[in-house]
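One chain, chain A, appears in both complexes that follow, with chain B as partner in the first and chain C in the second.
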Partner chain A sequence: MTAPQISPPAACATAPSAVAVEASCRLPVLFFAFSSATWLLFGAVLALLSSIQVYQPAFMEGCPWVTYGRLRPAAVNSLVYGFALQASFGLALWLIARLGRVELTSPLGLFIAGKFWNLAVTVGVIGILAGDATGFDLLEFPLYAALPLFASYACIGAWALITLKARTERTLYVSLWFVLASLLWFPWILSSAQGLLLGWRVPGVVQAIVAGWFGNNLLQVVLIGMALAVMFYFVPKVVGRPLHSQSLAQNGFWLLLLIGGWTGLSQLSAVPAWIPAVSGAANVLLVVPVIVLIYNLYRTADGEIAEAWKRSGVFRFVTVAAFLLLLVTLRNAVFGIGSGARYTQFTYFAGARTDIMVLGVFGLSALGALHYIVPRLTVAQDELPSDGLVDLAFWASIVGLISLAIGYSLAGLTQGAVGATADRNFLGEAVTGVAGHLKLVTFGYGAIGVGALAFLVNFALALRRCCVACCGGVR
Partner chain B sequence: MSKKKQKPSPAAVASSPQAKTASAAESEPSVSVASTSSAWPFVALGVLLFGCFLYVENTGGAFRADVFQGDYKTPPRAAAKSPEEQLLDRGRQVYAACAACHQPSGLGAPGQFPPLAGSEWVLHENPNRVIRLVLDGVGGPMTVKGAAYSNVMVPWRDVLSDADVAAVASFIRNNADWGNKASFVTPTQVKAIRDETKDRSGRPWTADELLKVP
Partner chain C sequence: MNHGPLIAAGAFVSLAFSWAALVMAPQVQLGSLAPASIPNTSDVHPANRPGLAAQGAEVYRSLGCYQCHTRQVRQDALLYGVRLVDRGSNASTINLELPDSGRTNLVNFNLLIALAKSRADLGITPVAVPAVLAADTNVAPVLKEFATELKLLKQFDDKAQVVRSTSKTVNELAAALPVEVLERTGPDEAERAVKLLNDAGGKAELVIYNLGPDIERGWGARRSVARDFVNDSPVLLGSLRAGPDLACLGSRAPEKFAAAWKFASTNLASEMEQRLLIHLYNPRLVAPASTCPSAKYLFATKQPDQRFAGESLQVPGSDKPVYPRHDARALVAYLLDQRLDVGLPEAPVTKPSGPAKIAAAPAKP
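Then we have the complex of A and B:
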């Protein structure tokens, strides 16, 4: 990736046409796009229902399948494995095919592996609802779902890497660095964590450390890496300028990989003190690569931002996602170390990080990218059929995220204030007292669900138009 | 367009007018060739890294596995114990065997087992008697702290090593709980006496014999 820029025509002597590339992407990428958006809708609904139970304990009581302890993990795992990772696969395949100027290897195989991935996620979610959850954050899927999940990923990842190897554009663009890192990082952390927790069965405190390490790497490296791949693809593309700096991109990339994996254990308790200390320090250090990467994007788009915002839907999504990435990194730097971490420990404030990163930084990037990819692969246009639904998906997602972030953060800070003082009424102030903030969270999940639904309807409209064109207007 | 009910082939899509508008902007993003490297990320990283080292130094509990509250002052490592303390610790363990008769209190049992606390035999300025006594035991009439005893103490020559004899002798001579305070016994002293008296090999001493020992 340090190779100098070579002139594209020389490298593309045997490159397939863009049309052929997109044709190879059509089946698997559209499948991943559609099913990930469906899981987003499903996960948002589950999260909405479970968030009601926090301030209405009698809501849906009596049926063990939908108690909070099962519904919430089912929602989070639907969002992470059903939506986020699946959308990552679609985006990764598309970016590899486009940037590598290569047709996908075995689109049908990818489609079938994707089917199995969905089957495994479905089995896992049902397993969680049935009470088989493992109890490790972000690893709740029982073993009988986790193993097929890993097997189907192995196929998807292997075909993606084979495609990457066969690329005709030999220079790896920045986005492909992040894609490659995510593709390789995910099997490593998943197999290590599952092996240690479910296979080897490490004892006590080590379980919390392993699960925390996995969850953090999944969010901070795999998903944020995919979000950055999307940002680095679309920002230069939409504004029509080359990326500002190669070296800044390299610095940011390597520092993110180096530091990103250390964050996220800063609020573990009952572990040796050096673990939260080092992790808190990493939370602060991570500010550097994130600022480097976002500054690079900002310099690339500088002067064209307002114009691109008006012109391009994907640019809007990606800009907000980049801004959120900056905010969530600064938030972690302040509240992930020292007294800030102790103040917000065990509160909604700390827990909201997962939601902001999965639905916000990654979710907005992915949704924006899908708004660009889906119309190209269905109706061969740059925009989905309904502009109104694009706007609805964008604003509903933004409003939903702001509600989530504000609701969780205020509830968490209130809890932190109560927890920091011995003579406060814990039940009255920290449990029932935050109901108002949590209603905002419920609204946020609802809005995100509406955004996903708007995208799905637009998707269906595009598919219908595609069919109409294909069948010559005969339905 | 054809009316065939199938997905459009790449060629069909390419020939459609929509595809032409889409493929008009086919430039993929690239990196500016004018870009230069800059040092500010590493300057920022260095400054933050310095602060992070201080933070981990102050709150990381020196990377010890047994420190869970880094904000408390890191407890000092347990100071290495002096040889005397180690000898007394070892002696306390060995004494568990003696305590069956002489009791943990060191007071023995009146009329049966003589006391060690305050015993002139134990606290004699020279440890030669007590070492012999532990090695080969003692039997017959014996006066301890003004009381008469007539019992047999078993020999420990084959059970206890030189270090153990030195440890237990030091322990009973220096047990602060009993009020005992006398010189420490070294393994070298024990070895010298063990060699000197090796022909006794377990024949218990009598009080008279011991009293002749300086």
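Then we have the complex of A and C:
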């Protein structure tokens, strides 16, 4: 298969062969793929355990290390930093090498930096469990984990940019715009937020605003950007057509960057009223770029969707992810402003946005892409060894996400109804009354964990086959 | 779009916009916010936390209580009212007692006029001056004003021929002072009424209605605002109410708790502290339906050796006492320090008519 865009032949003169590009990707990308999937499994298990505690308070009670208030942030940060960001590094490197027809700069260095990243995430998760969480959503890692995290990202990001600079295919395809924006956006927001929150320590609620700004940018721009990069790469590739419109993609891209950074603060209450208002307006405006981008993808694949769905595993993942992106953006537009925001404020409904974005929109895109990348880098085949496990990973993830989204949303709407009037019994209806919905959430995390496990097993089978092939001298 | 640096620059500009709007602008607006002084006292709100409560904030953060509890009370509307505290007395206060009526009706006419002006709905209707009053030189000018300017008041007590409003006389209205003569109106109307009543020689004050389900639930007297958190770092606002809001736990009335209870003694602060300690030890002992995890690890079962380790705690359903560790006492001190009963310029509350029921727990050495 070839990359979707037509490249000028002159650029290929010095371009490395596809085999050489893949060889340079093998170590770092497979490392990021494997460890991110491991963190996905780990994070899903922690999230599952903590979701049981919400309705079974006696579950794992009596030890401060696994109390809900520590287990839940440990789960979320494992999923975001261990799984999502790490997977996006692997995907970014692979996309840059592939679309830029260039060998990765310093694969070994990337591998070592990746090791340090994993070490930092491990230290951070242990820090949270030990009670050192900073108290800011999505920034809970204590300083002693956050600094190494930033340092290892600096290496990964710098090498990725150097690789991009050295590309032989000068045309920057749409996916690379998103990759580049995400790669730059992340260190800017991370250093800004860590500097202001853990270093300078801005006063009062400004802290909460800065933390909210960081968390939203991380989800809405960095991770959604990576998910879109994956979608824009695989949809044209699988259906075998060029992208419907370059200019639509361009408009969508810039609007997403311009608006995305403003959304997501409509959950703050004890702040000046203009902040949630402005943010709520951005939530609504964001519908425009998302629809533009997804329409572009839809037109690209129009007519071939059913056929591509049957034929390609990655297409299935990416299609569902794109659909989820549309849904979660519309959901934020309706429940992110005015009375809708007030109704769902402080409920599971609003909190589910993080889960749907990290595990759904990004998670499905990333899992799909990894299902495509891993077999090529290990056994040089198009598919992972076990088709059954691919199906299991897909369906388990989908079922898990649907349960998660429905469970959290129903629980949140129930809480919202109770919160909207003082006559309702808070403890009986909004706390114990949502246990049924939250059981669905537990099931959802379990299913997502099963999906991650299925992928990991498939990955391990591919690795084994790769080793056998290498040692047997067949390859 | 084939130039990486161009995209990088564009991304930087996009981010800079959102940074300027949502990081820099709030910092400019709120960065120099300072505690506000409470009128007529030397205190400020929010006051610096006493040492133990400040340590409790760290326990609150460390155990992740903010994952399930918000500390942000919301309100939907802010309305005003007027409370008449004193009828006052001035020259036009007259005794409307008529011969044989057996009634005494001390009426401050200026106040009556003021009330009529500020509250049409009281039904103080136009008056026809009874002959016996018209003769009184003291009263006549006032009544005249009443009859002509206001076009109000016209009803006599049939037998006694006493000047009456249709619903209530001023005396009836003011029989149980303080009385709220205006409820839930806009700020302008309320201020005008206060001025009218005060000018008429009465004594009136502004009443503030903070409205919304959170406040009706008794979770706080007013909404939380940015100034409430100027002493906090980290600021743990919380974003999920898997448990009740804690912004005002320290001054919450016992019947307003998720599981309502009652004070059994007069030592309110200490009773509240005991209650919260038992809640930490096992939430199901105070609220059987609670889903809050127990924090038994904050309690020792054996009496500690240290001299200052504190008193024992008698847990219901167990004859053995437990000994709260320092962290448990600190966390409770922090929770008792949560208060919203103090008004701020941007989030006013009505002065309570009596002394506050529950004082914040005294700091322990």
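In this section, the second predicted complex is superposed on the first by the 465 of 475 C-alpha atoms of A that agree within 3 Å, B and C clash if a C-alpha of one lies under 4 Å from a C-alpha of the other, contacts with A are read in each partner's own complex, and residues count from 1 in each chain.
Going forward, contacts are C-beta pairs under 8 Å (C-beta built on N, C-alpha and C of every residue); 3 or more make two chains touch, one makes a residue touch a chain.
Since we're looking at a predicted model, the values are computed, not measured.
Applying the stated contact rule after C-alpha superposition, one finds that A:Val278 touches each of chain B and chain C. After overlaying the two complexes on the shared chain, residue contacts for A:His371 are found with neither chain B nor chain C. Legend: residue contacts after superposition of the two complexes on their common chain; A:Gly351 is shown touching chain C, with no touch to chain B. By the touch criterion defined above, A:Phe232 reaches chain B but does not reach chain C. By the document's definition of touching, of the two partners only chain C reaches A:Leu265; chain B does not. By the document's definition of touching, of the two partners only chain C reaches A:Val202; chain B does not. Of the two partners chain B and chain C, more residues of chain A are touched by C. In the superposed model, A:Ala469 makes contact with chain B only, not with chain C. Shared-chain residue A:Val287: touches chain B; no touch with chain C. By the document's definition of touching, neither partner reaches A:Arg331: not chain B, not chain C. On chain A, the surface touched by chain B in one complex and the surface touched by chain C in the other have residues 246, 270-272, 278 in common.
Contacts from chain C toward chain A in the complex involve residues 1-4, 7-8, 10-12, 14-15, 17-19, 21-23, 26-27, 29-31, 33, 61-68, 70-72, 74, 213-214, 216-217, 223-230, 232-244, 258-259, 283-284, 287, 289-297.
Those residues of chain A that touch chain C in the complex are listed here as 53-55, 57-58, 61-64, 67-70, 72-73, 131-137, 161, 164-165, 170-172, 177, 180-181, 184-185, 188-189, 192, 196-197, 201-210, 213, 217, 246, 250, 254, 257-258, 261-262, 265, 267-272, 275, 278-279, 342, 345-348, 350-351, 415, 419-422, 426-428, 430-432. Listed in rising order, the residues of chain B touching chain A in the complex are 1-3, 5-10, 13-14, 16, 18-19, 21-23, 26-33, 35-38, 41-42, 44-45, 48-49, 51-53, 55-56, 59-71.
Put simply, chain A touches chain B in their complex at residues 5, 17-20, 22-23, 26, 98-99, 101, 169, 173-175, 232-233, 235-237, 240-249, 251-252, 255, 270-274, 276-278, 280-282, 284-285, 287-289, 291-292, 337-338, 376, 379-382, 469-472, 474.
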